[in-house]
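Take this structure, written in structure tokens, and hold onto it; I'll ask about it next.
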Amino acid sequence: MNIKEKAIKSFFMENPVTGLLLGLCPTLATTTSAENGIGMGLATTFVLLSSNVVVSLLRNVIPNRVRIPAYIVVIATFVTIVDMSMQATLYQLHKTLGLFIPLIVVNCIILGRAEAFASKNTVWHSFLDGLFMGLGFTFSLFILGSVREILGSGAWLGIRLIPESWNTILVFVLAPGAFLSLGFILIGMERLSRLFERGK
Amino acid sequence: MVEILLPGFILAGFALISASGLYLASKKFYVYEDPRIDEVEALLPGANCGGCGYAGCRALAEHIVNDHTVDTPCPVAEPIVMEKIADLLGLEASVQEKQVATLLCKGTHENSALAMDYRGIQDCWAAVIVADSIKDCAFACLGLGSCVQACNFDAMRIENGIVVIDEEKCTGCGICISHCPKNLLVLRPVSQKTIVTCSNTDRGPEARKACKVACIGCMKCQKVCQHQAIYVEDFLARIDFEKCTNCGDCVEACPTNAIEMRGEQVYVTA
Amino acid sequence: MLQLKTFPKGGIHPSQQKISAQASITYGEIPKQLLIPVNQHIGRTANVVVKKNDVVKRGQLLAQASGFISSNVHAPVDGKVMKVFRFSLLGGAIGEVIQIQPDEPGKSYREVLEQDVELSVDLNKLTAEEIRKRIQEAGIVGMGGAGFPTHVKLSPPPEKKIDALIINGAECEPYITADHRIMVEQPAQIIQGIKILKKLFPEVPVYIGIEDNKPDALNMMDKAAAREEGIFVVPLKAKYPQGGEKQLIKAVLNREVPSKGLPMDVGVIVQNVATVLAIRNVFYHNRPLLERVVTVSGSLVEHPGNILLPIGTPVSYIMDKFNIDRERVRLLLAGGPMMGRTCHSFESPISKTTSALLFFDEKAFVQRQENPCLRCGNCVSVCPMGLDVAIYVQMVQKNKLDDYAKEHIMDCIECGSCTYVCPANRRLVHWMRLGKRIIKREN
Amino acid sequence: MSKQESGFKVISVLVLIAFFAAALLAYVNKITREPIARNMKEETKQAVRIVLQNLGQFDYPDDPLDKSLTEFTARYFTAKNASGQIVGYAIIVKAPNGFGGDFDLMVGIDSTGKVLDTYVLNHKETPGLGDNMKKEDFKKQFRGRSLANTRWAVKKDGGDIDALTAATITSRAFTAGVKRALTVFNVLNEEAKQ
Amino acid sequence: MAELALIIVSAVFVNNVIFSRFLGLCPYFGVSKKLDTAVGMSMAVIFVLTLAGTITYIVQTYVLEPLNIGYLQTIAFILVIASLVQLVEIVMKKVAPALYRALGIFLPLITTNCAILGISILAVQSKFNLLETIIFSFGSALGFGLALVIFASVREALETREIPKTFQGTPIAMIAAGILALAFMGFSGMVK
Amino acid sequence: MEAKNLLIMDSSPLGLAGESTRKIMYSVVLSLLPALGVSFWMFGWAAVRVVVLTSLFCIALEALIAKFFNSKIDYLDGSALVTGILLAMNLPSNAPWWLLLIGSIVAIIIGKQVFGGLGQNIFNPALVARVFLLISFPLQMTSWPVPGQFDGTTGATPLGILKTEGVGAIAKLKTADLALGYVGGSLGEISALALLIGAAYLFYKKYITWEIPVSFIGTVFVFTAIFYWINPQQYASPVFHLFSGGLFLGALYMATDMVTSPISGRAKLIFGFGCGFFTALIRLFGSYPEGVSFAILFMNAFVPLLDRYFPEKKFGMQS
């Protein structure tokens, strides 16, 4: 498959969040800022990538009946590795993302990709799939994080955009704002997808 | 080394307990189910995300097998998966000639005038509640577009008081047919070019009064047809698609233009 | 004052407009031609038993009932069958009609009636079977609007014990005064009819329900009934749709006909006063159902009135008789403004169920643009059936009827109260009717 | 589909995978344990350095000590100068009843009982409101205050502390937290004197 | 007693799984299209979450902590939860087919619902004892159920409204959820 | 179609009672006049400014949407005006213009038009906006001008004082002052009496029914009374709760919004009870001083369920 096409697909049409509506919990919970969004996205990408590769490697060894538990164990292993290494290296970020790092295990995207793709494709393809799906995920987290940070804190990637004395719309860093922003972003992404589809 | 092996053994223990527990349980509590459900489920991603609207992959598999349909695609899986499932269940219908919906009426505003000033809900079914027909012809297309609403493929539009079907877009799904209160829509194979575009079963004079291009049941077409493909019943000509060769003789013979040749004339030699 | 009875839930008070209430029943002439609809009842279509050029006598069978739930149709005058064809009937339907050329057009119908001798009837000799048989033969159908064959109603299955008869003299619709005039002018005859019905259900009390906006009818019926055993006149507080049989039963007896049920499920039979009168004429004149009283009214009618006409009289005859300007008529209603149906041909004939013809110009028609529902609940609070109208209608519009709505939508009696009060001008009844259609189509 | 996999194979594959997974994790844990522990300590140490930075050179133990008073418990670091003299304390207390519950507050106090600086260790206050307590504007008013020279309450409650706008609750908790730290200081100071 | 009541109120309203903790959102949006399904799913979650909370508590206190292998928490919990759910499914299918038909179909969905793992981990982090853990898990699941059932009925009602085309489907669901989250903010601070 | 002398055909009935959406909405505006009058009197031109601006913003936004997206919208039908006025009545008179603009945008767009406009929204638009603003701008939304003083003095609402300073602090407030409006608060919550007069008119016109206000206010009274009875030192008296905050505004005008409340009488009673219960809960135990808006918004979400499980009583269900 053409890499560019694949990239566009996983960023828009088949974007895990806006296209497939999966992995919503980390999406909404960790996107109080663009930076957090990227952090979560990359952590997920790493797990997605590694587990895709390992699942693809093991795809002929694992008996069908236990494939789900087996995949879960594989995924959980990588999640724990991410968890520990982030704590060792990116301590502050790890603290903000908190509970949602271990919860990558149950992020539906990961198991879904392991099942739908990696268990049936070559290692290289699974690697690419993991990479792009992960980046697509990161992308939407980044967008959502940006919107919420700009509206809610008046800053972007930590850089203050409006004067200190101005008010920011606090809701956007809180729970309701997460849902509302995602609602509107979904529409934007849908529009973009259609644009790309027509462009093809 | 111990600090590495010990966790290994512990988790292996966990795995052993749960795996053998499940294994035994699945033996002991075995329940028969259509084995194809398992097969379909195996093809599905197993992400159990619920994205398809069913409660997990198995529920979708049950739906597919029990209702024998692949109408609900899995949002996670590649499209090929659904094809595979269709193959597995032999759902692929054998290749058939394309069918298109066809309106058996030519009662445009010119041909069959409006008989009233209908102001109710603009829907064919709503209109027949108020009056059997809103045009002079009791059998005419009402032109309020219940069928248009029903078509999922944007293949219909209303033009000059009757519905016009875009045969390119029409998929022959047939949904529109049951949505017409006047029963004016039928499916016909695209290669069938000759159509009686009338459904009026009144006697000739009344039919004529109601619509300029009505079939008056004069029998001329029946007489002229060499293939016994057209016959008049209840003062209305009808074509047997099996027998019709699209020769066009009846079209020539009809005094009221109630028979129509669609597109290029194609002669089929018997 | 005694609290007058009425049904408790819902209902409205539309402007009465009973402008023809004091106009005595007049008689028409035999028109130049009659169009007798073959189907004037609920049930199976009757079979036409005459053909072109047949000579028919007054009272002769034209169409024969095709089963139990079906009804005979007779020739109202002497004449010749011209043809049988399909034609627009009052109310928008298209159906078969028998065209008759009368032998004596222009003859006063009163004279025709006066030829019918008044027979003396010995109630004691009549058996129940005979009564039912003669009503059936006479082609009597409910004249209150629905046209349900009366002999069917009067033959409840044995497990349904009937313990009350209600005579419906409510006439709650605006404009219509036909039943009102009958009650004022022919109370004794109505009582005679009731007594025939009582033979079918001996010992069963009969209640005549009349709204308090017709004091003269109440008075006359009261007097006529006073001498009779077991016949009671029940004055009712005027409220629309009191005449709906379920509402009437609730008002008079405080019984609720169950959802999807029939009056006989609560031991009641309801008959309209005109129907009772028609039944009486079967026995006292040996006359099948040939004519009825029609109220002619509306803003274009200078002298509104009530007129007795042979069935099959075309609207155009009435327009001539009442001097109605054809050019100005834009709205022709068969029945009242709440439940009546619009008509689109002046040649359509009146039938056994035509209680009124109303003529209006453009002004009477409220051009309504449907606005979004406010969920104000007006429709729900006036619905006499307690339906959640607004909610069902939204479902119908989106084609998302759920089981609950499907269960109840069928109970709508199409009384029109909901549309009447909707501030958003929503065509609620029309949507409800559409909903019923959709459900029927699905089954 | 190979439907008839033997029970033994099914179970053993899973067990093996689990074994290797856990072993791998144990290995990673072994590598990361040190840095994580260091990170955790480092954070507190960083805080200690911040709240006591005005003291100049000082020295303090790696791990905090516990101190229980009747109403609450605290942890503290004792800062000593090169000559081993106590120059200040970094006291960790729970600030009670914040908007999002109790939160951990570190207060640096010099040997005379004056507040040097404060540091919020972790909290659940609202971003943009309660968490403005971390800002200099708010923090600076505490410097130099002692148990004696201040009425420890927000102005609204008749004290000396300017509350954060629209976050009185957080301000109250914060104030109470600093007051607790000062109380602990008093006890520690007494003990040290003895 | 009051403690336990507070845990419930907190889990249902104040720290609602959906609106405050952001857990289990995928099924929340996936299974809320129909009310009946939402009710079934809620029941299933209540059952499984309570059970899972209990078992993971046992695993944590009697295995992981004594052996000092807390880092295996994620992997051990998920393994236990996944097997547990499957075991329940198998047993229920045989023993109580009626119940299985009502609830069982939701069981597979639950494995990947992060509320289960999330709440189990949170219970451990909050240092609850066994009884508190059970109440906490049950309350959280109840909160999930409440949110899910209301939301499903709202979405069903939206089906009959004139939603502009652009917003139909998920966008309007998100916005409705956002407004519901606004309403839930009212409970904040009720329990610390 | 040219249909000059064709007869009109339509479904019955052909008569209409002559109610209209506009009539209802403008009656609501009319009924709000006494309360508006009181707030103009108390807060002066500042209050006029707030009301005029939100009304203009709301109508203008709807007009814009009508122009660019959906020509079917009738932006002068009065509903946008009602939303605007009711939003204003939920705001302090010193609210800056941008706050009013954001509030109007949230009310009209997020609260109403994304759902399809009039009648289609599940949640009360004015309350969506109010809660949105309350959460986003707690600073502006919790400093209330003191009535009768036009010098920009601000203070807390009685409920705010209760929440932050406890029962003792409110002892000096007189019930009569509360009912007449001599206490701090938003435009609409200061005079219960004026609101009652307006609502009586709506009640007379049958645009609102008794169920919601009575069960709402009654429930708040009962619950606060129970706690007052348990411990008057800690909880304020039920009378105080009745006349402070937006209880009357909420119960009479906002919970009764026909679009976002249930239809049948039984359902309305339950709806009102729910509103009252959660209001009391939030007031007594929550960290927000006032719970009316949250409670109504929360109960709005229950309306579809209530409509479904407590429908109108059907004819024919008497056995």
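Each chain carries a letter (A, B, C, D, E and F) given by its place in the written order, and its residues are counted from 1.
In this section, contacts are C-beta pairs under 8 Å (C-beta built on N, C-alpha and C of every residue); 3 or more make two chains touch, one makes a residue touch a chain.
Note that the structure is predicted; figures quoted are calculated from it, not measured.
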Note: chains that touch chain A and chain D both are B, E, F
The pair out of D-F and E-F sharing more C-beta contacts is E-F
How many angstrom between the C-alpha centroids of chain B and chain A? 40
Rounded to a whole Å, what is the gap between the Cα centroids of chain C and chain D? 87
Separation of the C-alpha centres, chain B versus chain C, in whole Å, is 42
For chain B, jot down the residues that touch at least 2 other chains. 6-7, 10-11, 14-15, 18-19, 42, 47-49, 51, 115-117, 119-121, 126, 129-131
Multi-chain touching residues of chain D, meaning two or more other chains, are 1, 3, 10-11, 14, 17-18, 21-22, 25-26, 29, 99, 129, 169
If I count partner chains per residue in chain C, which residues reach a count of at least 2? 92, 330, 341-342, 344-345, 365, 372, 391, 427, 430, 433
Each pair of chains that touches is included here, namely A-B, A-D, A-E, A-F, B-C, B-D, B-E, B-F, C-E, C-F, D-E, D-F, E-F
Enumerate the contact residues on chain F facing chain A in the complex. 102, 110, 132, 135-140
Can you tell me which positions in chain B touch chain A when the two form their complex? 15, 18-19, 42, 45-49, 51, 75-78, 81
Would you pull the chain B residues touching chain C in the complex into a rising list? 115-117, 119-121, 123, 125-126, 128-133, 138, 178, 202-203, 206
Provide the residue numbers of chain E that touch chain A in the complex, in ascending order. 19-26, 28-30, 71-75, 78-79, 82-83, 111-114, 116-118, 121-122, 125, 166-167, 170-175, 177-179, 181-182, 184-185
Hey, which residues of chain F end up touching chain B in the complex? 1, 3, 6-11
